[in-house]
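In what comes next, chain A is part of two complexes: it sits with chain B in the first one and with chain C in the second one.
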Partner chain A sequence: MNRTWGQLTNRGRLLMILKYIFLALCVIVALFPIVWVVMSSFKTNAEILTDGISLPTSFKFTGYEQAIAISPILKYFVNSVIISSVATVANVLFLAMAAYVFARCQFRGKNILFWLLSLSMVVPMTALLNPVYLVINNLGLTDTKTGLILVYTALNLPMSLLILRSTFLSIPRSLEEAAYVDGAGFVRTFFQIMLPCAKGGLASAAVLAFLNNWNEFTFALILTSGQDARTLPLSLSYFTSQFSFNYTAMFAAITIAVIPSIVIFALFQEQVVSSLTAGAVKE
Partner chain B sequence: MKTKKVWIPIFLAPAVILFLLIYAVPLVMVFVTSLCEYRLSSDHMQFIGLQNYITLFHDANFRQALANTVIWILIHCTVHVGLGVFIALILYKKPRGWKFVRTAYMVPSIISNAAMATIFVNIFNPQFGVVNSILTKLGLENLTHNWLMETSTAFPSVTMIWTLFAGYTTTLVLAEALTVNESVIEAARVDGASNFQIDVLIMLPLLRKIIGTTMVMAATYMLQMFDLIYITTNGGPGRATTNLPLLLYGTFMSENNYGYANTIGVMIIVLGTIAMVIINKTLKVGQEDY
Partner chain C sequence: MAGITFKHVKKVYPGGVEVIPDLNLEIKDKEFVILVGPSGCGKSTTLRMIAGLEDITEGELFIGDRLVNGVAPKDRDIAMVFQNYALYPHMTVYKNIAFGLSLRKMPKDEIDRKVHEAARVLDLEPLLDRKPKALSGGQRQRVALGRAMVRNPAVFLLDEPLSNLDAKLRTAMRSEIIRLHKRLDTTFVYVTHDQTEAMTMGDRIVVMKDGIIQQADTPQNLYDYPCNLFVAGFIGSPQMNFIDAQLRKENDRYFIDFLGFSIPVPEGKADQAVLDKYVGVDVVLGIRPEDLHTEEIFLEASADSIVHADIDIAELMGSEIYLYLECKGTKLIARVPARFRGQAGEQATFALDKNKMHLFDKETQWEIFH
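And now, the complex of A and B:
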């Protein structure tokens, strides 16, 4: 589809150059903020204050040591890992069960129930801040990891349901029928035959859910108050207010918060893209 | 097969319970309590009809927050989505390095909003921030601002934080554009259509549905925008960057006025529904391609 340089008219060449300049700009705009933060995390406070865009003069990890020493960022990091992981596993397991039933079984009210569950996709969750808080409060789960896990498991409900239902629909029925003929029950067929077959969809749903959980801020802010349940995104606002004069430590803290997301994205890029597309097309 | 029937409700139960606890019950509560005088202090609800709504429409804070939210939705659905679609239309022709551009452009969208916000607090920092550093280096000291704290610059500065990063839109539109049958494009090219004509007259109509979807997503995103504003300006200076979720948060967490906060919640839901209907109507999302 691409014509070579020699075949182009002068106007075509100019357009091509402009196109690449534009694409380069997009990459710079997208990556510069993060590169700047990582770079600044290696500068001293004085270096940051005298020239915001100079290169660091040495590569010392003092900023990171200070960030860990003066703030509970490690504790928050561990909380984030626990809450995001448990909520992701719970979400994918529960929604795989539901999606399987929607993909394979017939029962009364099936269409209405599916419609209702997928409707949750279009509910603007910030509208529900107060009632969700009251629900969690009434369950006695405010300021607990369990409370946040419950909310996060639900927040990814619609996306996972759509992704996993279409995954199960794409698996040929003959597989399970063979299992039933062999005498396997419903539950065993699901766990031993269907789940392994749905690996791709499960991974897509899980990666997206994990990233959402890892990055979630608003519900973490209203549902937690103490160090036992607060998550990494909250530690950042803690930083800007409490240690507003240790910029090196703050940049180190931001780096600590973004690196996991970037690593997960780098490892599971294809899953992220396919889960986004699966969720969007079915809307 | 008799046992199968037993398992259906058991397999559905966790998902349905989650739905009831976090979506259905809260939705009902939002609508019901919006009709009540309900504060943390008084602890009991009193039905007051539409009084909260009447107060709301006379509330200058609400009007400003509503206006800001609507403006942000419009900017996001046009500029942000337009930028994302434009980049996708360049990338689907697979120029050299297109995969790298797609990946790099996604990065700001997959890191947490809290991190993005904190990064931009620093980028806009009056003392050592990137914007002022560059302006100073260029000898344009008189153009430097305390970007997030001055009334005239806060709104556009905050808007920049989310407008330029259209990674999701680009990824979604690109994925769809790559599925378009190449023979359609080849046929147009044989007929003498230019690249520009192909993009505007063939690709855009074919991508209508996915663009509609990204617009709905953009509208929903802006309607729910909270963390980026909360961390950068907290709605200020004054109420220059307050939107509906921020107003709701303040009413709920600072004033503990639950009934009134949930009236704002109902307005968010209504606004979201209106936005969705308008986008679907304009782009004829429901109609089949010929």
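And now, the complex of A and C:
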């Protein structure tokens, strides 16, 4: 299939060039906003307003200093790390258990239950705002990290369930049977044999859940009011509402907010992609 | 150490598929029993019921004197080797072998001693720190054997353990498993669909079809005295020739008529009363490929059992030749010494070994005599 440049006809070469131009365009469209934000975070307000896409004249961190001064961004950053991480771990742990049961056990109503749980994927998030607010409020958990952690743990349920179930389905049944014969019970088999075997799926469910948690804005906005539980995306709204004229600080804040998610995705990208297609072909 | 007893065991899968209607079998302590049959015959289900991985719908299963119907696999004192090895991919060879022992709270130094002993026997010592991914198929299978072996189980279950290995390795592992059985001196139940494995390894072979035991006997007896057409065709390679025939009685002597030939039934092969029942009835003559002889001496000595057939293909196997024959539309196979000089396309003459003839009832498929 892969022929070298010399083996191609003129028409083939033209197609090849067009293909690469198209791919390059895609890359530019995807990368430009991020590069632009990072670049702008080093420019002065005047530079941004005069020439939006020029390179910064000098690399100064004044934007970052201002961002920290204007908003409690560092506090929010720590909140975000705590809430996203705990919610991710809880989500993956509980859904791994649920997914294992869905993948392996036979019980009445299994398919309907699975269908109902997956169905929550198609309910728009805004439709959940009111009921979730009421529940959290009645529990007395508004404006607490615990409240957000609970909501985020549940929010990623359908996606994690789908990924983890297909991961467990792809693990040969004989592995568990070997563990049973070796003397392990159901719980030990799950934790000592099945979870380690499902590493890839766990990692990808965790990455996707973490990114969702990290970027979530709406629930964080309505469920928190003080500084103790607010997350990073909310700090960005600080800039647009009150200090929208300070673009440098805003771009610096955005950079602080997006860098962790980019790093995490870059590190685990391969695992995410491979587990999304797991079980599609026989290995 | 324990024997295994099936008493009227029935297995129905959810959805009403009946795999095993009524299984009765006794496996003696320290016996090496092979369950053999085509795919879907219920042999793996039978093994998995012993392991406790499959529920028993009805009937009783004993390991030793203990009724184990509701007993969990871990409490049955069994070990199992799986077809796809089922090694824990995240553990080293050492941990794979030690897993079952550490679950039983065995002291660390004793585990270490047992793992190393098993590794020495199975030639795995240099590989103890490797993960299964870094092992070849044969090595993985040996780790699976080691994992089962260190537990000193009362019953050793093997589910087609060699079917993923190449032919050469399979032969080597075959003798390794036989040696292991001698060494462990415990009950082995071995499932396979490969009749060569069955013939070479077991003390006793249980041939199954559609969840029903067809015959359970020593390899030699199964080969020499198959009880029905299925067993006769399943055991032996190349398989037994089956020829539609009729039994004829003339002057108090019995003859088998087939393909225009007529061969007398040797005296004492079967009771007269039995044979009389089949006179004029459709029967099937069974003759193993090695019982069709081409040598002069046989032809001279067996003038009354001569058969002519056209050679379709002559396959030289080295020490012998497989002749694929055609005789009036019926395909036959003969296994003759390599010095045989016939060519494809020629007609050859064979002497049928009368004493090795099998006769089957065409309707019930059961044997009439052998």
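Throughout what follows, the second predicted complex is superposed on the first by the 249 of 283 C-alpha atoms of A that agree within 3 Å, B and C clash if a C-alpha of one lies under 4 Å from a C-alpha of the other, contacts with A are read in each partner's own complex, and residues count from 1 in each chain.
Operating definition for what follows: a residue touches a chain if its C-beta (ideal position, glycine included) is under 8 Å from a C-beta of that chain, and two chains touch if they have at least 3 such contacts.
Note that the structure is predicted; figures quoted are calculated from it, not measured.
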Review point. Is A:G6 in contact with chain B, with chain C, with both, or with neither (first, second, both, neither)?
Key: neither
Check your understanding: Which partner does A:P131 contact after superposing on A: first (chain B), second (chain C), both, neither?
Key -> first
Practice item. Name the contact category of A:G226: first (chain B only), second (chain C only), both, or neither. Key: neither
Check your understanding: Where does A:E177 make contact in the superposed view: on chain B (first), on chain C (second), on both, or on neither?
Key -> second
Exercise for review: Determine, for the superposed model, which of the two partners chain B and chain C contacts more residues of chain A.
Suggested key: B
**Study point:** First, second, both or neither for A:V122, with chain B first and chain C second
**Key:** first
Review point. So, A:G109: does it touch chain B (first), chain C (second), both, or neither?
Key: neither
Review point. Between chain B (first) and chain C (second), which, if any, makes contact with A:G185: first, second, both or neither?
Key: both
Practice item. State which residues of chain A lie in both footprints, the one left by chain B and the one left by chain C. Key: 180, 185
Exercise for review: Spell out the residues on chain A that touch chain C in their complex, using ranges where they run on.
Suggested key: 106, 172, 174-175, 177-185, 188, 193, 196-197, 199
Study note, to complete from the structure: Note: in the complex, chain B contacts chain A through residues 1, 3-5, 7-8, 11-12, 14-16, 18-19, 21-27, 29-30, 33, 87, 90, 93-95, 97, 100-101, 103-108, 110-123, 125, 127-130, 132-134, 137, 164-165, 167-168, 171-172, 175-176, 182, 185, 210, 213-214, 216-217, 220, 223-224, 226-227, 230-231, 244-245, 248-249, 252-253, 258, 261-262, 264-266, 268-269, 272, 276
**Study point:** Footprint of chain B on chain A - complex, ascending
**Key:** 1-2, 19-20, 22-23, 26-27, 29-34, 36-37, 40, 48-53, 90, 94-95, 97-98, 100-101, 105, 107, 113, 116-117, 120, 122-135, 150-151, 153-155, 157, 161, 180, 185-187, 190, 211, 214-218, 221-222, 232-234, 236-237, 239-240, 247, 250-251, 254, 257-258, 261-262, 264-265, 269, 272-273, 276-277, 280-281, 283
Exercise for review: Under the touch definition given earlier, write down the residues of chain C that touch chain A in their complex.
Suggested key: 14, 51-53, 72-74, 78-80, 82-84, 86-90, 99-100, 103-104, 147, 151
